[in-house]
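Read through the structures below before going on.
Two complexes follow with chain A in common, the first pairing it with chain B and the second with chain C.
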Partner chain A sequence: MINWLKETGEERDIIVSSRVRLARNLDSCFFPGRMETTTAVKVYQNISEALEHKTFQSFRLKDIPEIERNMLVEKHIISPALTLTPELSGFAMNQNESQSVLINEEDHIRIQTLTSGLSLREAWDQADELDDRLESKLNYAFDEKVGYLTACPTNLGTGLRASVMIHLPALEMTKEINKVFMTISQFGLAVRGVYGEGTKALGSLYQISNQSTLGDGEEIIIKKIENLSRQIASKERETRKRLIERNTVLLEDKIFRAYGILKHARSITADEAVRLMSLIKLGVGLELITDCTMNEIDRLYVDIQPASIQYLQRQEMDNMERDVKRAELLRNSF
Partner chain B sequence: MINWLKETGEERDIIVSSRVRLARNLDSCFFPGRMETTTAVKVYQNISEALEHKTFQSFRLKDIPEIERNMLVEKHIISPALTLTPELSGFAMNQNESQSVLINEEDHIRIQTLTSGLSLREAWDQADELDDRLESKLNYAFDEKVGYLTACPTNLGTGLRASVMIHLPALEMTKEINKVFMTISQFGLAVRGVYGEGTKALGSLYQISNQSTLGDGEEIIIKKIENLSRQIASKERETRKRLIERNTVLLEDKIFRAYGILKHARSITADEAVRLMSLIKLGVGLELITDCTMNEIDRLYVDIQPASIQYLQRQEMDNMERDVKRAELLRNSF
Partner chain C sequence: MICDECGANNAKIRLTKIVNGKMIERNLCEQCAKKHSQFHGPFSLQNIMSGWLSDFHKQETIQKLQCEKCGMTYDEFKQSGKFGCSHCYGSFKKNLSPLIRSIHGHDSHRGKIPEKAGSELKQKKEIEKLKHQLSEAIETEAYEKAAEIRDKIKELEKEV
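What follows is the complex of A and B.
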């Protein structure tokens, strides 16, 4: 599971992962939103055949049990939108789950690659290579002037959405996070919380991504996000150092209380766990906590989600049962 | 320290200690409130001589450093009132600190005995014996009709205040505590929180004592408090069983989170510690926590108090330093 997560990777103490998504369509048929089931099945077959079978395995969504679907959503391997039309849609993924291709979601093809730390270029190279392989066997809907054609105009052109997941607890504590948000939007980039709803990011995890797919070329988009993320990571790192120097006891107390609760609670919600694990990540980053690795914690973010808990236990569970199992999993992890 | 605390003792899972206090005065001089310093010193000498020196050691309060005085108050060996007139007052205590005699507090003599669990009779017997020893050597102010004469009329007659310290977290959780309070006052007894101010008892620790010293004889007062305390303890025990059977996860979660915080916090106030230790006591009582004993926790209640922390460290500390030392002490205790 989540084998793409590595200890190494640039800025790994602050940047969890990098991610590239390419939207592509076949020029021979309607976009998925207007497609008949028979066409959808043909499209699924064409695309899964175009992928090499040795590295990729394809699935029609209707063949995947519901808990497993939700678990795949929690792992970001498939999107929630893909699960809305299980008769039409499908996906393929490679063995270590770092690459996936969504079939008949909003577009016929969504290529997704996920890499560890700040490594957008690597994610982009992998996506680009996969894209080339598919393009050599399929006819993409492409316009010389506009670029790749997509179901939604916000994806037109490059069809590229590049993003990094970044952990910014110290900038949140010092309230400097709003200045960071302003800088991000000044660069024409978007930022949103990974967990939680609205603007409140649960566990200080944010995703920074490009807003526009038109205009700038892929290289420029990638470079822009990489540069800005590196700057923000460096600011977060400085702020952490300043915090631990000036408020050692306060910060250590926060971190170790979170550790104590995660290590001993008998029932815990996913939201509370995400909030507390953020402090553990900070503690590992500051080398205050040494009995677990960044990698192990980042895996836990996924493993403690509702469907993943049930998938790991191979049984359906209600809220309270999940909270108990989650607490058990966390107790055993620290 | 606090050697009177034993694992054994009736109802030890719920009743911490039993306590007897006798107010006595000499008939030869004014009550301490109206006494000259020279008289006070003489009274101190007479009383300390009347105590056997082998088992009791006497101190004038002016010779005790301030931190140590406050530590003795936190241990309930001396009273806050005794520290108000250090030039006049003094005290004597035996080696295991289970018996003390306050000299020139509100009355010339306050005999205090402290025993473990529900053992008021034992505490009374010890106080009575000490009282007889003193009475054989000193002339008490005594009136045939009223009984022992005291500075304040609320202590007239027997001069006896008997009390038990009882831990009632389950009755608090189920909100049945108010019914218990009503029963206590119907029996003409008083109840108050041991920690915290006003009616809110911090850490669910209560003291039940007699309100009246006139009318009933000593035997009746002791019996009444013993019987009622035994009934309340039995009700608390039943409620604990019911809670753990019906809300296992909820209760275990509360208890182990408290444990996790006490075991890992880097800074903690006395109030928070008392609140959390109450859950640990409950956990030990329910045999959920087995790596510390009731005795160890009950000692901690005293050791974590502000003056005791400083006394143990042999240095003056401000609030924040104490919170850090307290957290360290607690971490090392679990």
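What follows is the complex of A and C.
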């Protein structure tokens, strides 16, 4: 379950969460891709000591069982890349899991903060503060001309990747979404689906983030994404209103059919569940469905993922068993 | 066996993909398999990046450049798209500016400066200024003043 997600927050009906990631490296050691295990362990120790022990708990990846690792990936607390080198990597997180520090992924340090709704500024302030705290105890690799030095030149400069997770079913239905994305790409922002593969976003959930990390200051990057996301959210809201006014029965039918399946299915894949829950989210946003909250649904998105299902049940399960457990979980939730 | 994709060449490679928990098996010829690995390889960003990097510096004969700290060669960097250490940026400096510009559209950082580096930066600039004053003092034969400035520089250099 996602602990930090709140019911309230700006644009919460359309924007699920905001996320800030900062890439940092220590000046004295090779980057993780070229590092010996002994150095990696030292780096891990230095970083976890530099974090306050009271608020952060750190773990070496090799000590975390595989299902739990995958569950943490599904919760977006750690990245899939971190799990590739369990002997070298580790992470630290605070109690409600809203802040994490990935250690020895592609870079020595990846600071990450997650907040509810459209709240990039808050996420940035938190990350900035944690960054200052780490920097006071560690020596960062920094160059006056090109900024924070990163293993991959695509993260150079601010090392900042800011993003929002946004739910756009109405713009998808009217096919206006491509126009929206074309416009924002002209502002140097990138869009990708949160779930699903390729260009099609499963469950209409998209992530909008800055493409370039060098040239603009952090304030400008944050402001740009906040501003454009707010505009897209208001466009989505308008489109939803228009859709429900013009096609009341059709849209209601779609939403309540999804509701019916989730409420009664005996076996369901994660993909199908994500697709149907998107319609429930839309129904809650339009106040057609009132017996569950946006927060409950958004938390379910993570809980129904393969590793999270197994983690909740404390046992390994095959595909079929998972589909059955997933259906059970969903039945109990709606 | 004939390739599932082009239906013309002999299939030599069996490609197994797992998509959303479902296993898909295909028999492919070398050419078609190549196409797949390019777009669905586990590190597609890396593949694209290295393909582009080698194109980027095609005509130049700079392969022998090597980072003196971590030993990474520029060739290796082109392959992986990732640097070996922070020192690589200095070692490959000459080649990097156009590359960085082509990725970000800029080549100068305008954001946060870490406090430590910030104060060091200030000191470095201060030392430069004093050195300039020192040579001026020597030129005008103001030796007493020059000695004073020299001591200041020494002190600052100790801190950096």
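Just so we're on the same page, the second predicted complex is superposed on the first by the 333 of 334 C-alpha atoms of A that agree within 3 Å, B and C clash if a C-alpha of one lies under 4 Å from a C-alpha of the other, contacts with A are read in each partner's own complex, and residues count from 1 in each chain.
FYI, a contact is a pair of C-beta atoms (placed from the backbone, for glycine too) under 8 Å apart; a residue touches a chain by one contact, two chains touch by 3 or more.
It should be emphasised that the depicted structure is a prediction, and the values quoted were computed from it without experimental measurement.
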* **Touched partner set for A:324, first chain B, second chain C, both or neither** => first
* **Which of chain B and chain C A:144 touches, first, second, both or neither** => second
* To do: In the overlay, answer first, second, both or neither for which of chain B and chain C A:236 touches.
  => neither
* Asked: After superposition on the shared chain, which partner residues are touched by A:105: those of chain B (first), chain C (second), both, or neither?
  -> neither
* Once the shared chain is lined up, is A:250 touching chain B (first), chain C (second), both, or neither of them? -> first
* On chain A, which partner touches more residues: chain B or chain C? -> C
* Mind working out whether A:272 is in touch with chain B, chain C, both or neither, as first, second, both or neither? => neither
* With the two complexes superposed on chain A, say which partner A:259 touches: chain B (first), chain C (second), both, or neither. => first
* Which parts of chain A are touched by chain B and by chain C alike? -> none
* Report the residues of chain C in contact with chain A in the complex, numbered from low to high. => 19-21, 49, 69-70, 72, 80-86, 89, 96, 99-100, 103-117, 121
* To do: Sort out for me which residues of chain B touch chain A in the complex.
  => 249-250, 252-253, 256-257, 259-268, 320, 324, 327
* Asked: Which bits of chain A are touching chain C when the two form their complex?
  -> 25, 27, 29-31, 33-34, 106, 128, 131-132, 135-136, 139-149, 151-154, 156-158, 160, 188, 197, 212-218, 269-271, 306, 319
